[in-house]
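Labels for the chains are A, B, C and D, by order of writing; each one numbers its residues from 1.
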Amino acid sequence: MTKQTKVVVAGASGKMGSEALRMVEKHDDLTLVGCVDLQHTGMQVKEVEGLPKFDAYFYDNIDTCFESVDADVLIDLTSPKVGYKHTKTAILNGVRPVVGTTGFSNEELKELTELAKEQKIGAVIAPNFAMGAVLMMQFSKWAAKHFPDVEIIEKHHDQKLDAPSGTAVKTAELIQEERTQKKQGHPDEEETIKGARGADFDGMRIHSMRLPGLVAHQEVVFGGPGENLTIKHDSFHRQSFMSGIKFAIDHVLHLDELVYGLEHLMMD
Amino acid sequence: MTKQTKVVVAGASGKMGSEALRMVEKHDDLTLVGCVDLQHTGMQVKEVEGLPKFDAYFYDNIDTCFESVDADVLIDLTSPKVGYKHTKTAILNGVRPVVGTTGFSNEELKELTELAKEQKIGAVIAPNFAMGAVLMMQFSKWAAKHFPDVEIIEKHHDQKLDAPSGTAVKTAELIQEERTQKKQGHPDEEETIKGARGADFDGMRIHSMRLPGLVAHQEVVFGGPGENLTIKHDSFHRQSFMSGIKFAIDHVLHLDELVYGLEHLMMD
Amino acid sequence: MTKQTKVVVAGASGKMGSEALRMVEKHDDLTLVGCVDLQHTGMQVKEVEGLPKFDAYFYDNIDTCFESVDADVLIDLTSPKVGYKHTKTAILNGVRPVVGTTGFSNEELKELTELAKEQKIGAVIAPNFAMGAVLMMQFSKWAAKHFPDVEIIEKHHDQKLDAPSGTAVKTAELIQEERTQKKQGHPDEEETIKGARGADFDGMRIHSMRLPGLVAHQEVVFGGPGENLTIKHDSFHRQSFMSGIKFAIDHVLHLDELVYGLEHLMMD
Amino acid sequence: MTKQTKVVVAGASGKMGSEALRMVEKHDDLTLVGCVDLQHTGMQVKEVEGLPKFDAYFYDNIDTCFESVDADVLIDLTSPKVGYKHTKTAILNGVRPVVGTTGFSNEELKELTELAKEQKIGAVIAPNFAMGAVLMMQFSKWAAKHFPDVEIIEKHHDQKLDAPSGTAVKTAELIQEERTQKKQGHPDEEETIKGARGADFDGMRIHSMRLPGLVAHQEVVFGGPGENLTIKHDSFHRQSFMSGIKFAIDHVLHLDELVYGLEHLMMD
């Protein structure tokens, strides 16, 4: 019989958290030992409508949880503020954190990195757990070395408020690290309708499409003489994050330091 | 043996004109009887480097040409100004014109239409002879009845000066005829980088990508709850215009009036 | 105040049926008066977990339902066998049926058509209510007139058992009605690995991709000299069927005959 | 003034060779000193119709050429047989070869590798100089580590004889090196028309589309729960190979060994 990894999920009542519970349910090498969430305190997971049939209990704070159960890994899908406290507490309790957040400050990251090093314990913090999105960004960064002409088109449902998307901007920033800076398009090009050429990010262009029916999609298109290279990611469902979380759990058990960004584990 | 249609090509030294000569060469039911062009006057086509091996001669004006040879059809690929005179002369000489231009005024079109009706002679004038592009525009117009949420992304080589492309604007105008007007996207959406949401055309959005390697491409994307419909045209080579010109020749022989726009012949 | 259309949903406990209940809930001009389903008989819709908060009751057969409530339209999302009986009963009771099925025989369709004509009542039966898919098929049929070279690539999740999909075969059949028959590809082409060129349907080719993550997607690609025309449909969610059902309801109220296939209402 | 690299082009009369001459013409840091080709011996390049206006001469064999002119780099775009002799001769003459071929045997490659090492001279031999295609293949290999479910669809003009394309098979082989072997699709899936699921390569599927208008295109689609990652290459023109040849020239000057495959220079 496989040794089972004992998991605590924080933020278990949210959309992501409940998806994480379903992911734990699907994997025989994982077992749920507790949930941290302000809702449902004292209830068993199986008593909450719509959640998998686990016996584990809900705790209203991480300290009580760690006092009550023995855990190997904490999956944290809360807010940056709560997540920071959770991560710290986990490391100090010898529990390896896997944290999904874009919101930690550099100071917080530095502190947590040093703490993990002192405690010789693995930790993974990632702004994006969709493995396909992580690869799209890394491949785009590498392609930009050889193809300085690049445009991004990202497509989302029409309930999205901001344009361009965070992933598009993050992709552009990664490309910028490798790309020889240039102003793209013809020097004399003219927009007969304002905005046609999209957002200008360091000379490259980003276009944001918003339509009902779309979920979350992005194409990064590189152009060179006679050829195009396109790297495209389609996210159809938030399930896509769960493969990345499972991947991080598998790796965090063998780490003795904090790793920020899934790409450092995926690109080995 | 098939009866052969006798063809004159005006603008035969240009890129489009020489492509038209190659098209005539490929079809057994067509034969070239003359070319009109200020260059090469008095030469035979076969004497000009890079052109097919026709015996027909170059004439410097259409009147001389029609006096010298007996023609069924005039393919006109010159400028709007010259093309107008050519079309008129052809109709008056009983030669059926097939004209590629976007530049005729409404007055000119009206006059030519009446002239063709008087003479009971067929004529085809079309702003676009790429049959795939014509279908893309017509299908988009029809889809817009049922899908008022639509965005256009057009992609061209980076030597193109204007954005959006003429075809994108024409497509948007056709969509506008059928679409229930609405302002698309979330009412509170915000561009964190100006231009991200593209050009606003009557509430729908047009995006223009410009990259080396690209030729001429357009996608019209319609969104509805849970689904997307995309109509896409890729023009890889100006050959694409020649199927439409051949199609127009085949039809103009059986017409007794002027038809403006290939769609009226294609949608029957 | 808008006059409300009184709706009965048959098959209301299924995935499609419950989606239909949510659709009724969203539209102010529709009101639910009853459900037909073997499950939940005697319960109110609002008593069933996961369904919208309607007061209407579940009935175990259509006759009892029509005796108990006054209805304008029947939405039938059951099986072909049950659906046939339901449709007949509805017409005889003066209730206009909107039926989603691919399974009626020609004899059944003929009989129902005549019955609707006798009763002078509208009815809509459609194998596909996704409006985007219906347009994709119609546009493909029309494009095939001018582009006899065409290949279909359909992409589905890897739990799908049959290849090609029913929609791909239906599309190919519609194309066949208009396309000049030809064996595509080079006459001497060779498969170095068997199956590379896909399924042969009357000389055109169909390719079936199956991958986790995909939902239901199809591209119909037409090729001509120098150009390609692609008509693509992405179905991301079964919601996509609901716009078509609402569209059929709006039209069935003004019909006095049976219409088979949404395209006849959409293409007017 | 930039130091100029002195270039010899072998196979200069072919389509690729003449494209290479135009590439040399466009770069100020390159200068043409000679051509090797059985045609046009003794003529200057500028005397041959359609070629750039170089003074350099055509030689009928590589030895005469190297005796007559002083060269830094040989661009070889001949056949495998001739190319092998040319590469060897170049290395022995202190001229750095850049060779485009898929046809060298392992023995030949081994011998040339040792020869370059002895002579401490750079050499680049590559089966594919389209930088976008090389990246597509490398990225696909890396993605396959994390996404064992993958299908390839390659699209070419309908004059192509073999299916799947060489690039598709090469891509599949690279994926195979990293992918955990599995039989994709549902275990019980059935083809209702033979070939629908494409070519089976080690459990993954390859589909070959052939249509007029297409040039050379490939999509590699990876599927995981809730997401897809697609890597796509479009080759619109053989120009696409020239950026890779220029890239190889720039690198070969600083190498002291033979490198096989452009990826080893691009991925540094």
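We adopt the following convention: a residue touches a chain if its C-beta (ideal position, glycine included) is under 8 Å from a C-beta of that chain, and two chains touch if they have at least 3 such contacts.
Computed from a predicted model, the values in this text were never measured in an experiment.
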| said: As a test of understanding: of all chains, whose mean C-alpha position lies farthest from that of subunit C? | reply: D
| field | Comparison of B-D and B-C by number of C-beta pairs in contact, larger one | value | B-C
| So what's the Cα centroid distance for subunit C and subunit D, whole Å? | 48
| message | Taking the mean of the C-alpha atoms as each chain's centre, how many Å separate subunit B from subunit C? | response | 37
| query | In subunit A, which residues are in touch with two or more of the other chains? | reply | 213-214, 222, 224-228, 234, 236-237, 240
| task | Make each chain a node and each touching pair an edge, then name the shape: line, ring, star, complete, other. | result | complete
| request: Using the touch rule from the top, collect the residues of subunit A that touch subunit D in their complex. | output: 130-133, 135-136, 139, 142-143, 145-147, 222, 224-243, 247, 266-267
| If you look only at subunit B, which of its residues touch subunit D in the complex? | 49, 213-215, 234, 236-237, 240
| query | Which bits of subunit B are touching subunit A when the two form their complex? | reply | 149-151, 153, 155, 158-164, 169, 184-186, 188-201, 205-214, 221-228
